[in-house]
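Per-chain residue numbering starts at 1, and chain names A, B, C, D, E and F are given in the order in which the chains are listed.
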Amino acid sequence: MKLGELTKNPRGFRVAGIYRISKFEVKTAKNGKAYGDFLISDLSYDVPAKYWDIPADLVTVLQENSVLRIEAALDYFKESPQLTVDAVRIPAQQEIDESLKSLGLMAPRAIADMVNQLQGYIAGVRHGGLRQMLLAVFSANTELAEQFKRHPGAVRNHHAYIGGLLQHTLEVAENAADCCARNDKINKDLLITAALIHDIGKVREIEVDALGLPVGFTKAGKLLRHISLGIEMIEEACEEARLEEELRLILKHCILSHHGLPEWGSPVEPMILEAELLHYLDNLSAKSEQFTREQERTEPGSFNKSFVLRRDIYHANF
Amino acid sequence: MKLGELTKNPRGFRVAGIYRISKFEVKTAKNGKAYGDFLISDLSYDVPAKYWDIPADLVTVLQENSVLRIEAALDYFKESPQLTVDAVRIPAQQEIDESLKSLGLMAPRAIADMVNQLQGYIAGVRHGGLRQMLLAVFSANTELAEQFKRHPGAVRNHHAYIGGLLQHTLEVAENAADCCARNDKINKDLLITAALIHDIGKVREIEVDALGLPVGFTKAGKLLRHISLGIEMIEEACEEARLEEELRLILKHCILSHHGLPEWGSPVEPMILEAELLHYLDNLSAKSEQFTREQERTEPGSFNKSFVLRRDIYHANF
Amino acid sequence: MKLGELTKNPRGFRVAGIYRISKFEVKTAKNGKAYGDFLISDLSYDVPAKYWDIPADLVTVLQENSVLRIEAALDYFKESPQLTVDAVRIPAQQEIDESLKSLGLMAPRAIADMVNQLQGYIAGVRHGGLRQMLLAVFSANTELAEQFKRHPGAVRNHHAYIGGLLQHTLEVAENAADCCARNDKINKDLLITAALIHDIGKVREIEVDALGLPVGFTKAGKLLRHISLGIEMIEEACEEARLEEELRLILKHCILSHHGLPEWGSPVEPMILEAELLHYLDNLSAKSEQFTREQERTEPGSFNKSFVLRRDIYHANF
Amino acid sequence: MKLGELTKNPRGFRVAGIYRISKFEVKTAKNGKAYGDFLISDLSYDVPAKYWDIPADLVTVLQENSVLRIEAALDYFKESPQLTVDAVRIPAQQEIDESLKSLGLMAPRAIADMVNQLQGYIAGVRHGGLRQMLLAVFSANTELAEQFKRHPGAVRNHHAYIGGLLQHTLEVAENAADCCARNDKINKDLLITAALIHDIGKVREIEVDALGLPVGFTKAGKLLRHISLGIEMIEEACEEARLEEELRLILKHCILSHHGLPEWGSPVEPMILEAELLHYLDNLSAKSEQFTREQERTEPGSFNKSFVLRRDIYHANF
Amino acid sequence: MKLGELTKNPRGFRVAGIYRISKFEVKTAKNGKAYGDFLISDLSYDVPAKYWDIPADLVTVLQENSVLRIEAALDYFKESPQLTVDAVRIPAQQEIDESLKSLGLMAPRAIADMVNQLQGYIAGVRHGGLRQMLLAVFSANTELAEQFKRHPGAVRNHHAYIGGLLQHTLEVAENAADCCARNDKINKDLLITAALIHDIGKVREIEVDALGLPVGFTKAGKLLRHISLGIEMIEEACEEARLEEELRLILKHCILSHHGLPEWGSPVEPMILEAELLHYLDNLSAKSEQFTREQERTEPGSFNKSFVLRRDIYHANF
Amino acid sequence: MKLGELTKNPRGFRVAGIYRISKFEVKTAKNGKAYGDFLISDLSYDVPAKYWDIPADLVTVLQENSVLRIEAALDYFKESPQLTVDAVRIPAQQEIDESLKSLGLMAPRAIADMVNQLQGYIAGVRHGGLRQMLLAVFSANTELAEQFKRHPGAVRNHHAYIGGLLQHTLEVAENAADCCARNDKINKDLLITAALIHDIGKVREIEVDALGLPVGFTKAGKLLRHISLGIEMIEEACEEARLEEELRLILKHCILSHHGLPEWGSPVEPMILEAELLHYLDNLSAKSEQFTREQERTEPGSFNKSFVLRRDIYHANF
């Protein structure tokens, strides 16, 4: 349950769920025994908690920002809720994911499925250099590949959940593949490759907490933005794949120009067909998600002001 | 052959092809016989021609701006080319089309195939009112439907050839269908319908010559533009289909907003998901064609200044 | 009196005035008798009211959103004001209007006088087609003509009161007539006609309550705006008047372009003299009212920030 | 006649008209006699001319850039036209004016009439300080008042002829007076005064030739523009009229803001009603003239590209 | 001490410092004696104060808005602080300045030193006319010269303290002198002169209180802004110095164009080298101060939103 | 001499100077001897030349695009100039430079002096990491360091000559050092370092010919621009210098933001003081050169339209 809903319940109510321990200290009670003094948190709320007679082995295992399955009883101190913990367990990743998914904080599709689809796209790239470059980014480089799997696609708004970056990337690639299927003027290897790496810089632009949820921009993210970071990030992979110079330039140009206009963050406008298409395909995915989210908050037949889209949104009623 | 290439040939050279008679007068020769005094034209050139002893039955049939198959011999008068016609025939539409296609002045796909595909999309719309509305536009209203089949999609640049409007419309619909196949949040009936009618106003905005080639904007096109004209044009069809008010508003909103921003011609920005998608799908088709055309004019590995896109275009070399 | 000023008065204070019944239910009191449970409203406040022993004939007549003359005594329940109604009467339109006028919610000039002036302008149009078109809009079409008489000119700000649209329309026409009197290059019939219909779309763009006061934008208003709606609205009148095509295009162009620039809502800029003048005449009326309203709120010799005009306003002091 | 039309005529054709002597030298012919070697000019053409046996008294009177009535015979030298002058006379101002008017280089209305109307507006200003200020500008200061009477209103385009500045000024004042007649919220003295002086800076911004025709911008005009120059020019008049500080600020604000927006040349937007109205009234006059001129160059029923207005202009056809 | 920190102290705490008397009335106490009823103020807070048995000579001397050295004891009335004054003294200017400097409300450098530096720059101008003009502004005209010494450079933000205008002016002149030292294409006399007068209009644009601190814009400042005011202010000095017309125009052009672009307040862009440089030198000084102030409020290694600069500011951490 | 001036001379005129051999073939003459068939070029002209009886050793040494000292006699073939070469010598670099300098195609200051000054700035950086990074760019990396010394600063306009990039870089650094000397809030090491590397990407953005003169943009220059290229180019140097992460981010941010606004090519605006200053210092140098060049082309007291600066330029006259 969301911690924000705790206070709808009476003293003694049993709470069980997966939360973050945002503060953790071991103190000594008046009776001389050690107890844990916690702040238990979800996305929006922090609730103080005590774990009396905390098991000694737990003391050595727990850390601030650990994500744990917690069982506790609800109490009130001066009308503020407080928890008395009586069991703590390190949950399996899958258990955490289900919890996040039920709260809408994780991509609807399974991460593993999406990773398979990503690998499928990479395997389908026929140009050896491009395929090697993609493998260098998404497989060989273990740390980056691991981060990419679960990274959010934004700090807030569309795709701002765990796995959001991967889901957005695949949506762009799917539409790209459709375009290629009908138009043989498009260089499919190039467009698919550009689609898969276009937002890679977001891995370094967006800061995540212990759960993997976005909490803001990193220092590098604010000072350089994901476009510059992304160009830098593929450099090494291009080197490893010994990619020819022409293609390196073009891939970087695709990243650099994919926001379409200087005032939207791209100092150069797209100069090749695939870069131009990438810009619109990126928008198709991003705006679909954003509109869907905004319309869900709006009653059918009525309007709602969207701060992200800077206009009124209408939820059609038919 | 293009009339511009006539002068590469010697006196007496035989010319046979499909041209427009842009001026046609019957005069009387010194010998008292009637002869035809013509101006024979293709897209770029006008060549004077004489048809001595013109058959009497032809005189009653021919009109200015007729499109004819002409056989003639080349002559020169003060170094300017002149034709002596000896046979004239009204060509079949198919014959005309082949001629246009070979000159790049007609859509690559066969008109009949495209019309079938259009009808298929209409038949696939499950909402009765929307389907009826589409039928009212594209079938019942014979004149509009006929015009739509062969209308160009622009005065110059992308899709500026016979059948270009239909081809662009289908490209938008194809991409729309792909999006719907993967995202059940999109109302497919609405998006397909909007895709099919979004540029219907171009039928009244773009002026065509006897061959159906674009020659400029109509008076209504300059004063009102295709967005306003399109909204007006679907009104009657909505009435015939007794389409519910909610859907009429939404369809008109889709047309009105599909250029995305006021400075691009849409006084309102898209307020519903399908209108937003339409804007990007429209660009995907238009910019694909434009980029392809521009890149074909550019040597691989070099740049070219595009006046339409207002930037340099690069023809990638790999 | 304004309901917002009720609480300046003691219990038992007598209230008499014209208000809207925004909620109306008949309930049964503990003594078994029917009573009316009301919410009595003016522009800004809602006050609960009880009508004990409500006459049976009134029960069948009253409806939510009726506008009534109410007499009541003031009471307080937990410091909130409450009214005890003892008489209710359906007021004459004139009585309502006087009440609105005293609150600044109605045009300063009498509606009837303004309608006469409007008819005078129409009668003065010498071109038969244009005059017929105007009659079709403003007389023959009873419902639209009735709405137009009392419609507000805006949701808030300048002319945002009953009759404001008519008053603004006449101000534009008056200035137009002056211009024509001094410049015979202007086609007076065209400019006057365009002036009279330029904002006709506001009848369908702005939503009004039972009193006729603006409460926001209609669905059509938000999705299409008054310019598109206006073009649509004159189409039928043009048809009835069998107006020649040239003039239909020009009138629609005048409506379409009267905001002057794309970023101000007009996808085409004015292309004929009369359309260009209309743009400035429209502003003369609108900005005069807005400035006058803003300056009245400002002390002489001091400045005030205007949110509508997005600048500081100065009330000159001499 | 226009010098550009000379060559339609045969050798010996008699020319008589008012022209400028743009080059003037006295030379000695082979026969030992003095002759005048001229360049005779109108707005667009220069033609060489000889005045054989030029009268001695003329030699002392003539100067380069003099405006003269010339009689001559047409000759040709290597196919270029050349004039042989046989009479020269200094024309009366009225004679010059008629000549200019017939060439469209002078205001349609008589200067004297316009000056009378200007004086009428000044006399009608009831506020003593404002009236004194206007008199200081338009009467007392002889040089400025004289220049203002005949100054052009622009270098090219609308009102770019002799007397154009005065005519434009009066058009603005006329419309201003009309607005005041119907709206007593407007301070008429202020609006009329501001209308009369709003473009006074153009006297110093636009450079004129000997005939009074605009030839470009002055140095001060390019470096400071007419708005800054105008503010400076009324300062002395305000001082003479001992105008109160409040009104000086407001008048300067009216001049400073009358272009409406920074990108149109006004660093502050209008902050008082009369300044706001002045902006639209200025446009009404300027755009009326510009549109009228552009439409006159356009065939009825067709369009023309206007470089000044940066759009197509349509000449309506009804 | 800042009045905002008073409440950290207990009843009876002794307060001594320099404050403004923003309200001052003499009343009669119940014992029949006169007492002073004050409001004692600093930049941010007003505290009520009583001066029992106020000396009769003080009553005649004190005025509202006087700046005084006050000694008082702290008291509380219903938890709000109140002062009981027991000594009041008119402080020396130097004493006031030290007090202001310690609160960051005065330029870091001594006013006298800055005035000396200013005089040094003036003395170094070799062109007699320019030097005379500067002397007319900064010495001869006593009132303006006095105001300029202590005027703030802005209402808020950079250089918004006493002496800020002078300090900013000198910073611009210092950088200007450096540029000239390395580039002999620059006319040093002109650039230095322009630097010294470029913001002179701020003396009339910014309103100051009795202490000389900025409290907002003057009426003239809002209606005309400092650029127009500055041009006007140097006119008389140019006259006195009999400066040649060419230089007057250029100096005014430098003032007029120093904001660089219309949307930043300059209706003309710089047209001469020195005007162009002035624009960047002005920014170097202004932005240095603004950034320094903003970074001081930001923790090293973190970001802060700057409302003035409309972006995030980073305080580098190394 | 410039080849464009050849035709002012008669047949037989002796030509001696330094030119580029833009085409070079060895052919066999009718007499069976080898001769050189050249195209001899300077910046603007190509002239055909023959070298009869070309020495055998030269044949092995010469290459297309070599820069040579050539002696030849002028001839004419069908009125076109042609040269008969009789001596060719590989000139010393200094000899080439003098030739270029006399044509205004080389920096006014000696390259060696400027390199010394650059090394001085580097040596003065006290922060070890920054100094090491600069050495890695400007010394260790021989190829880049060599290119940087003579690279032009632009394709055309300001600093578009050999050594222009270095001269511009030093101008920015000089002004930066001046600012630091007076303002201890600036981190001098950072600002100097940023100044020295801010335009390093131009080495890869601008294409030069054999003489080192700019001939256009490279492919990488068009697709990525010098800002992105520069960020990439310092990466390796940062790695070599083991520069701390914080400083790498900041240096890249300085490069990324130094154009100030998105529409001027910087996707992020400056977020730290030194980045902000760099933007204005860059402009001070660039605009000084540009204005100086433009004013030199303009008569004193007159205006000239500058296409680069998009405004009129005035050459002040005093």
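By our rule, a contact is a pair of C-beta atoms (placed from the backbone, for glycine too) under 8 Å apart; a residue touches a chain by one contact, two chains touch by 3 or more.
Just so it is clear, the model here is predicted, and its values are computed rather than measured.
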item	value
Minimal step count in the chain contact network, chain A to chain D	2
Touching both chain E and chain F (chains)	A, D
Listed chain pair B-C, D-E or A-B that repeats interface E-F [over half of contact pairs the same by residue number]	A-B
Same-residue or different-residue interface between chain A and chain B, half as cut-off	same
Pair joined by more contacting C-beta pairs (C-D or B-C)	C-D
Between chain A and chain C, centroid-to-centroid distance (C-alpha), Å	50
Averaged-CA centre spacing for the pair chain F and chain B, given as whole angstrom	50
Numbers and ranges of chain E residues touching at least 2 other chains	219, 222-223, 250, 253, 271, 301, 303, 312, 314
All pairs of touching chains, each written as two labels joined by a dash	A-B, A-C, A-E, A-F, B-C, B-D, B-F, C-D, C-E, D-E, D-F, E-F
Residue ranges of chain C in contact with chain A within the complex	219, 222-223
Residues of chain B that touch chain F when the two form their complex	301, 303, 312, 314
Residues on chain B engaged by chain C in the complex (per definition of touch)	219-220, 222-225, 227-228, 231-232, 235, 246, 249-250, 252-253, 256, 262-263, 265-268, 271
Chain C partner contacts - residues on chain D that touch it in the complex	171, 174-175, 178-179, 182-183, 185-187, 190, 244, 246-247, 250, 253, 269, 271-274, 276-277, 280-281, 283-284, 287-288, 291-292, 295, 301, 303, 309, 311-318
